Amino acid sequence: MQFQSQVLSNIEVSPGYYRMRMTAPPAVLEAAAGQFVMVKVSRAIDPLLRRPFGIYDMGVFVTPYTDSGTQTFLEILYKVVGHGTGMLADMHQGDSLDIIAPLGKGFDHGAEDEEKILVGGGVGLAPLYLLAKELVKTHRVRLFAGGRSKEDVLCITEFERLGVETYVATDDGTLGDRGLVTQVMLKYLAASRTPKRLFACGPFPMLRAVAGIAEEMQVECQVSLEAYMACGMGACLGCVVKGVNHSAETPDYRCVCKDGPVFESTDLSWE
Amino acid sequence: MQFQSQVLSNIEVSPGYYRMRMTAPPAVLEAAAGQFVMVKVSRAIDPLLRRPFGIYDMGVFVTPYTDSGTQTFLEILYKVVGHGTGMLADMHQGDSLDIIAPLGKGFDHGAEDEEKILVGGGVGLAPLYLLAKELVKTHRVRLFAGGRSKEDVLCITEFERLGVETYVATDDGTLGDRGLVTQVMLKYLAASRTPKRLFACGPFPMLRAVAGIAEEMQVECQVSLEAYMACGMGACLGCVVKGVNHSAETPDYRCVCKDGPVFESTDLSWE
Amino acid sequence: MTKPNMSVEIAGIKMRNPVMTASGTFGYGREFADYMDLESIGAIITKGLSLRPKAGNNTPRIVETPGGMLNAIGLQNVGIDAFITTKLPFLRTVDTPVIVNLYGNSLEEYGELAARIDDLAEVSGVEVNISCPNVKQGGIVFGTDPAAAAQVVGLVRKSTSKPLIVKLSPNVTDVVAMARACVDAGAEALSLINTLTGMAIDINSRRPVLANITGGLSGPAIKPVALRMVWQVSRAVKVPLIGIGGIMSATDALEFILAGATAVQVGTANFLNPAAAEEIAAGMESWLVEKGVKEIGELVGALKC
Amino acid sequence: MTKPNMSVEIAGIKMRNPVMTASGTFGYGREFADYMDLESIGAIITKGLSLRPKAGNNTPRIVETPGGMLNAIGLQNVGIDAFITTKLPFLRTVDTPVIVNLYGNSLEEYGELAARIDDLAEVSGVEVNISCPNVKQGGIVFGTDPAAAAQVVGLVRKSTSKPLIVKLSPNVTDVVAMARACVDAGAEALSLINTLTGMAIDINSRRPVLANITGGLSGPAIKPVALRMVWQVSRAVKVPLIGIGGIMSATDALEFILAGATAVQVGTANFLNPAAAEEIAAGMESWLVEKGVKEIGELVGALKC
């Protein structure tokens, strides 16, 4: 669905990280956690392409000063890394954006009786929040959150408020354990016997480590990938990743935008 | 001089016409009426080139809430005609702009004992306001203002407040006389004997008419021209107009940005 | 106010209006069905098809550049057979001409491909891509040498009776010579332009951004070059032209029509706005109404120089 | 932290850093003296000079396009004699090499021009413009045909002992062939690229925007094409290259250096920011400091492919 959206708020939640809330049509509420939005940052030709962001949160609020008006909103959590996100960070309440949402395939919640383990690195926490919100209704949820430094571990309080049990690790030890979050998770998995399912989002090396652990521990695992995207709808073939059966002779490319961004870790080639 | 400027206000003074006040360094106050500014509307590459605007007003105000702080400001009066002016109209207080000012050659006030006659069409009134402000200190000043319709005749009250006697004509007769402002001016010139000097700014056909009248009535006349500009400083040679001696064999091109925008009407070729 | 006549004919293909979607930027049509009415435009051109499925290049395959983007997809496609069985059935349900964009790794492959689609009723025409700059084999040679281009076009002409459009590369000294060679060899219409070959570099990694090193530049950045080439070619050949390159709006499209194009293709704009093609067609019609132009044909090549 | 060595040498011209100003975008230097330190950059290249003063084209001569601009100045210039008497004296007071950009209407004129500047001590070198697309006579031919280019370069080589740089046009199928021809004929360095030929149309007037109909496209839009050509040529010839095309920032400049350019020229950026060249030179130096690179030379052609 393509729509014009107004910025409702745009707050720096940690140095260089912003949370933006924007208006959306009610139908957006059918989005699944893990799906994403494509944002046209400016009506001008610079930046030209839309920028993809996971859905961090969504919902409805009652508009003030009116009797019965309600407004659907979407939230994204983003890191300023370049031109487009830099311009996004400069936006104010009331500015307008052109949005396409929801796009892609979201997370599959999995079986009833599993413990749900979320693993997020840096801004990879974004789509996990919406997932956690859904999962906590019926499941026990644990989050393993990693980042370079304490500034890169975002919105932990929000997860805790949902009732998610959180474990944190940072590369420099400024928050939680020092080291890789995947190591912390591995320790937990090794010590526990209940059936589990992993949901991971973050930098590629982290996802590869998670996929490796999942294979080793024989736990089902979904990963949410990033890729450079032009269209977000399977038309440009710019965003492909190699599927598990890929070889030069029998190409098995999957579109991150359409076949993903969430994949079963066993469906991908991790080389 | 190149400087970063903050928008202080940006008000629609008539449908499609805006007056923008912005901060400037004190040295800008040395600008002469008729000089112009080059505005980089966006830090992004779209729009790419700076846009030229005459200086409508400038001055100093005392900044509120501080004891002795003063702030120099510049004002431009602009019409939304395309992409760059459209984006300018969307700007708010506090937004920043990159400005080069003052540029070009301004008006020469002329001799002491002349009556000063200003002729402006549409947004061509912009540089005449600053000129009027200077001239009224020592001279009798009359303004002939024209436009398509009453919405296109701007800031007449401001001129009147300076003590300028104003005459208005519109093509459709919705304000002042119906018809061309140059005709109204011609009538006045024909009826009066005192020495005079003309200062004109507006669309090219109007300027040509004014130059013709000036020649016929043997009145000195300066015109302020517009041209498509890239650099504003005499480097690109994009903005040239033909000087009076121009021919294919003996080229006599003048840069509107550097040799102008104000020219003696007799220095130009009016074909 | 009576509606202006927006219909055009290219090489015998009747279209309700001059707006087509450019190959490789509109998938196989279906991807856009949720965002626009596929029956609101003149024609759909498929992603470039080869004889066998093609894996395409490694990633990264795309990168934004100022006012444009580079792509080095490397012609990843399902191959002509899978296209016929998996993609064409959907297109059959859409009442809009489908033009198949063909790409061969060799002269013979072009011929085989053309023969392969000859008896498909759902295919209204063929657009031969001799200009793809990404694949070493063939692409760059056929697209930049008039004699080689003529060979391909001649063979395709023999292998199918479908309307034959040839798509030209802008990476040449003399686009008019290329155009003439293709027309002489049997092209009934020309599409121009394909992408300009470009490159992007990441100074931190000290590597090219694209895995393929170079890629094809598309988007608004190339519009002036595309307009110039359409104008040049329109004065040299008699066949209808299809203008392509950076068309984002009805205004852009009308510029190409005035320059001499009978129709246009919308490419990169589909990525920014999946309803772009429909909106451009509607915007062109509104402009004709506003200006009192009775049919789009009046504007073709109507530039006053 | 010791400062990195930013100095480079092009065809024997020693420059304090690799940032030069592109012909036609920096006037005769003086225009920018109020906005930047003319002694902060590597070299100044003059507006293209011809034997006799040139009027140039009618107006409009420039128009903005997406991410770029078209110009059809038509080489308006004061002519070599007036340059020497009215412009050179100022440049003499600036301690920065001055390179004269030359443009001839005929083969002979190139020779005469080169001879004319041969004994001017203030002129550090010559950049021969064989690529200007705006003037019908000569320009387009010399710049797109290797044999014609070689003729011009050979004659200039004979007519002056000044360091000889040749500026290449991007409007060719094979820029490497052009580069080789110029080097074989005596070019000691190559500048690339000049502008891409383009066009803009005003749909309301139904006329080309530029009086000259077509013009040269410059600015960020052309950077990917320029980078690609520098990279291609750098792998084919041994002489130093000067990268030009859409350089707006130190990052852009460094991309060209990695692609194989020894120096760069800043063009359109001077219009947006009259201090651009100085800021780019400073920004490059800061980046080298940040990355611990000791001299700029280490980066030339250091792209890992």
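What to note about this one:
All chains are identified by letter, namely A, B, C and D, in their written order; residue positions are counted from 1 within each chain.
The criterion applied here is as follows: a contact is a pair of C-beta atoms (placed from the backbone, for glycine too) under 8 Å apart; a residue touches a chain by one contact, two chains touch by 3 or more.
Computed from a predicted model, the values in this text were never measured in an experiment.
The most distant chain from chain B is A, comparing centres defined as mean Cα coordinates.
Each chain gets a centre from the mean of its Cα atoms; for chain A and chain C, those two points are 36 Å apart.
With each centre defined as the average position of its C-alpha atoms, the distance from chain A to chain B rounds to 53 Å. A separation of 34 Å divides the Cα centre of chain C from that of chain D. Multi-chain contact residues of chain D (touching two or more other chains) are listed as 66-68, 219-220.
For chain B, the set of residues touching two or more other chains reads 45-47. Taken as a contact graph, the chains are fully connected, with every chain touching every other chain. Those residues of chain A that touch chain D in the shared complex are 45-46. On the side of chain B, the complex with chain A involves touching residues 42, 44-47, 83, 87, 92.
Considering their complex, residues 65-68, 70, 144, 171-174, 196-201, 203, 205-208, 213-215, 217, 219-225, 227-228, 231, 246, 251, 254-255, 258-259, 287, 302-305 of chain D touch chain C.
Every residue of chain A that touches chain C in the complex is listed here, in rising order: 1-2, 40, 45-50, 98, 100, 227-241, 248, 251, 253, 258. On the chain C side of its complex with chain A, the touching residues are 24-27, 31-32, 34-35, 47, 53-56, 59-64, 66-69, 71, 73, 76, 219-220, 248, 268, 270-275.
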